[in-house]
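The structure that follows is given in the form of structure tokens.
Naming follows writing order (A, B, C and D), and every chain is counted from residue 1.
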Amino acid sequence: MSSATLYSVSYDLSHTLLFALGGLIGGPLGRLLENGDLVTGIGVLVFAALLLAASMLNTIVLIWYERKLLGRFMDRRGAMHVGYAGLLQNFADGLKLFRKHTTRPREADEVGFYFGPTAYLVTSLMIFGILPISTGWNSGPMPLSLLLALVIFSFAPLFIFVSAWSSNNKYSLMGGLRSAAQMIAYEVPLLLAVVAVVVVAGSFSLTTIVYEQQNYWFWGPLIVALIVFVAAMLAEMERIPFDLPEAEAELVEGWNTEYGGMLFAFFMLADYLRALVGSILIVLLFLGGWTLPTWLPGSLTAWPLAGIFWFMVKTYLVFGLFVWIRASLPRVRTDQLLRVGWNRMIPLALLSVFLAAALVTVRCVPVFGCVPSPGA
Amino acid sequence: MQPADLEQALRPRLGEHLLGVEPFEGTAGKVRFDRSAAVATFRALHDELGFTHLAMIGGIDWVAHREVVYTLWSDAAKQYVFLSTTVPADDAHVESASGVWPSANWHEREAWEMVDITFDHHPDLRHLLMPDGYAFHPLLRSFKLHEPEELEVKVRHV
Amino acid sequence: MGRLSAPATSPGAGAAPAAVPAEPAVPFVEIEAVRAKEFVPAAKEALTALVAEQGQRKLIQPVFNWAGRNSLFPLHWGLACCAIEFAAAFGARWDAERFGVVPRSSPRQCDLLIVNGTVTWKVAHKLVTLYEQMPEPKWVIAMGNCATGGGPFRTAYSVVPGVDKLVPVDVYIAGCPPRPEAMLDGILELEKLIRERKE
Amino acid sequence: MSEMWINMGPQHPMTHGLWNLRVRIEGELIRDVDPEMGYLHRGIEKISEDRHYNEVITLMDRCCYVAGLAWEHLYIRAAEQALHVDPPERAEYLRVLCDEFQRLGSHLMWYAAFVQDLGLMSPFLYGMRDRDLVLDLFQSYTGARMTYEYMRVGGVRNDLPPGFTASARKVLDWLSDRFREYDQLCLGSTIFRKRCDGLGVLKGPDAVHHGVTGPMLRSAGVKRDLRKDRPYAVYGQLDFDVAFADGADVTARYLVRMEEMRQSVRLLRQVLDWLDRHPGPVIAEHLPRWLGAPYAPIGLEGYLLKRNYPKGVGFSAVEEPHGEALAYVVNEGGEHPYRVKFRSPVFANLSAARTYLVGYHVADIPPIMGSVDVCVGEVDR
């Protein structure tokens, strides 16, 4: 199963390409091309390009998925007329936004106005290089990949605040302030919930965490951590019920009020990229990643790309849960959000860490089986 | 409550400033008072007769004079009553009722703007419906509606 | 390099088949005729044609027009009665989102201003401001009789008799108020306009 | 953070219409508010002075565009009193039918807009879906979805089409099932209760003092409903309860409006039963010809008729979906009213904005203003 992975494919591609080119040219220049480091470098670049394309495509499909699903929840159809069942709708939106003029208000800060959304999008994209989607997706072992992903994930409030402040609009500024307060408040329970997972899995590497879930997925024994993680993730992704920074009813469009054209598209893309990352993290940490339960027939995973397939199925189901929440819950207020964050979420997260520690000590849980010994 | 009851209750307080109580179908009556006793009338109706709800203030332009009509409601009697006072067109002002009923604020602003009746001691008498600086009073009979073709449109970009 | 059957001395003949009618028995004449010497002017010609075509906006423009007409974001702005029908068009029965029409609250993100109601002089300059805040390319739909020409309030002292006196209007929708079907029809008419757009 | 003024409107998702709420905020706290109206002032009272009595009905539909029939009813009652015309009983029942269906339509529209302001999109779709059913009924007997021009001086324009009562009952059954779902979606949600409880409090005495009427007043524990207290049309013969609550906050207003919809359904069932049993004329038989249609007889006959027609002043009070609406029509002879003056309930409810907004958060403005149910058309007229 793990013989043909995305990274190996891109490595092979670059290897074949470079060696063919080197053979064709011949001489010292050709030998220079047949260098192993160069092959690895080009392979990584190809891998990155594929990754970029895959994540962008996924994001756009995710937007389509949300619109259709939301439509169904609301007794209507959603986008229908562009492409089959509206599949091309978001491409049309993107092209249109690409074509639109980008205007900058006269009083806006020039550097921050353009730097904010760009950095927001770029940092959101960077996370995809770290997340293991299936076995062999990454180039090599990354012992601290979970920590790195969360670090990059938490850059966002800075850039949101920069872009909100520099667009020189009161609504934007209030949105930016809310966003900063909210994200900082929910970083803490998010990380504590992650600590619970790390305690049980004994590693900060996402790949290892997935492998540790071979016996049982972590959502059962770590249900408290899962609840905290999902709630904190909703706040981090700024989705209803925690979408205060872009609360349409009072703050027009929140911190992206002054942004139009491609910069607005950057925000939209980055928002959904983060939603995708959030769903992926939940799948990786709690739902067994690309594995399936062992009591299911092995034929389900015995074909190439089965890992990626099951992984994406899980991711989309998790995201469907977020859409469901969006269709059925109103928005909370800033002070309530912060109060819940500091007063409820952090104690719950600490409890989940305690439970995880207890689990590691007890080692075996009746229904779920036994925890593998750390480092084994 | 009948017009006679109203007159009986108000006459001692207002004296000759009460110009009469006319019957009006569907209400307790129409109390006509002199504008010099405006606040006394409001107080009497609000404090003694229980007309705590001021529903509407409307101005009518009768060309020679203008009339201000107050519509009040009493939750106890479950009845409306009209108050009416006339002001001459060249000296159109009357005491504000917003000290007695806060809800009079906007109604008086509108009446001032539309029928050009000034309300003395009004806390905040400025334009409500028309833009600031609008020089006309549209609901006066002398204000004629134009045909839009006569308009020359000039938009000033702000 | 292979057989050269076409006479090399026919420089003027850009198209190879015209130059080799004499020997139709040789099947691969056309490939061989494309030699470097002749390829350069041919390619130049083709490229010039391509650039000229692009100059007339025939290549990329249709793609952008397709995108533009399929994702019209109207400004979320309710003026008067027509705004209720405008909202009804986004309800479950008509669902304007099928056509990719999603209302946005910020004018920066919109490309369609639907004037859905009576415009008064007091709001006129705010309407113009909102129009100017929308980035190009943008369109305006005058929805209903009031926006088209003042409607029943045409004679009133405070009403702009037709929003086209303030901003350029692309599509007028008749009705007082127009039904949601009429509004969707207006949007589809606008899509037809965008399809033929040249710039 | 120091204080600053922000303008919410005239283009703002919260306003649901064309007005501007100027808010002075300190951080996220509201220190002062100043509603700025008039962006939709269309001079309806002035235009009416240039129109035939029946032509004013056209303006009434557009005056309050979510409760057109209620406003037609309001104006028609005043005009009939000014013109000394009495409608037949069936017309009165039909007007009550219009009124109550309009209340349903308006409250459903309010529900759609209000819950959307809290960030929940689905109820907007549900509310609009169910409102369309009510509009379909209107369409079947008036021919229009929103601007009906149905009532006339002396009655109504036409009778109900055959089969109307059956389809109306079907809609009522459907709606009374939906109300339960609405309550589950809103009252069953902890977040909804947290957002709405104790918000925008306006106690009974303050509300009366500031001229607040309608569901806002009844949610403050004051049981004033013109349909009960001063029965007009045939409300005196119908059996219903006044919906009221005493929370005086946003939740209470929600509860009152929901209960009002249930009471409307109850009223409508009685009206439909009556209409089934009592056929008859729907417009007064002995109307002067010039009153029937604008510009009808211009000759000497018409002139004499108009000249000799008695003058009068008409006054009517109607409990429209937003609250207490009054009309004052002066007939000084001729076919145009001399002066028309309306009292809009939302006008007074908005003028009290300072009392129920100051001290809350910026994020509370949408639910509070949503619970006021602003219809700018009737405020600005």
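To be clear about the criterion, a residue touches a chain if its C-beta (ideal position, glycine included) is under 8 Å from a C-beta of that chain, and two chains touch if they have at least 3 such contacts.
None of these values were measured; they are calculated from a predicted model.
**Student:** Identify the chains in contact with chain A as well as chain B, in label order.
**Tutor:** C, D
**Student:** Hey, which chain ends up farthest from chain A, C-alpha centres compared?
**Tutor:** B
**Student:** Taking contacts as defined above, which has more of them, A-D or B-C?
**Tutor:** It is A-D, judged by the count of C-beta pairs in contact.
**Student:** Chain A to chain D: how many Å between their CA centres?
**Tutor:** Computed from C-alpha means, the inter-chain centre distance equals 48 Å.
**Student:** Can you compute the centre-to-centre distance for chain B and chain C, using the mean CA position of each chain? Integer Å is fine.
**Tutor:** Distance between chain centres: 56 Å.
**Student:** If you average the Cα atoms of chain C and of chain D to get two centres, how far apart are those centres in Å?
**Tutor:** Taking the average C-alpha coordinate of chain C and of chain D, the gap between them is 42 Å.
**Student:** Quick one: report the Å distance separating chain B from chain D, using the average Cα coordinate of each chain.
**Tutor:** Going by mean C-alpha positions, chain B sits 24 Å from chain D.
**Student:** Can you pull out the residues of chain A that are in contact with at least two other chains?
**Tutor:** Within chain A, the residues that touch at least two other chains are 74-76, 248, 252.
**Student:** Would you pick out the residues of chain B that each touch at least 2 other chains?
**Tutor:** 129-131, 138, 143, 145, in rising order.
**Student:** By the touch rule stated above, which residues of chain C touch at least two different other chains?
**Tutor:** If we look for residues of chain C contacting two or more partner chains, we find 91-92, 105, 122, 155-158.
**Student:** Looking only at which chains touch which, which shape fits best: line, ring, star, complete or other?
**Tutor:** other
**Student:** Got a list of which chains touch which?
**Tutor:** Per the contact definition above, the touching pairs are A-C, A-D, B-C, B-D, C-D.
**Student:** What residues on chain B touch chain D, complex-wise?
**Tutor:** 24-27, 52-56, 58, 60-61, 69, 71, 73, 75, 78-80, 82, 101-103, 105-106, 114, 127-131, 138-139, 143, 145
**Student:** Quick check: in the complex, which residue numbers of chain A touch chain D?
**Tutor:** It is residues 70, 73-76, 170-171, 174, 240-241, 243-244, 247-252, 326-336 of chain A that touch chain D.
**Student:** For the complex, which residues does chain C have touching chain B?
**Tutor:** 121-122, 124-125, 128-129, 132, 150, 154-158, 160-162, 165-166
**Student:** Within their complex, state which residues of chain C touch chain D.
**Tutor:** Touch residues, chain C against chain D: 75-81, 83-85, 87-88, 90-93, 105, 107, 117-118, 120, 122-123, 126, 130, 152-153, 155-159, 176-177, 179.
**Student:** Provide the residue numbers of chain D that touch chain B in the complex, in ascending order.
**Tutor:** 37-38, 41, 43, 45-47, 50, 81, 208-213, 222, 224, 229-230, 313, 315-317, 324, 326, 328, 330, 339, 341, 343, 347-348, 351-352, 380-381
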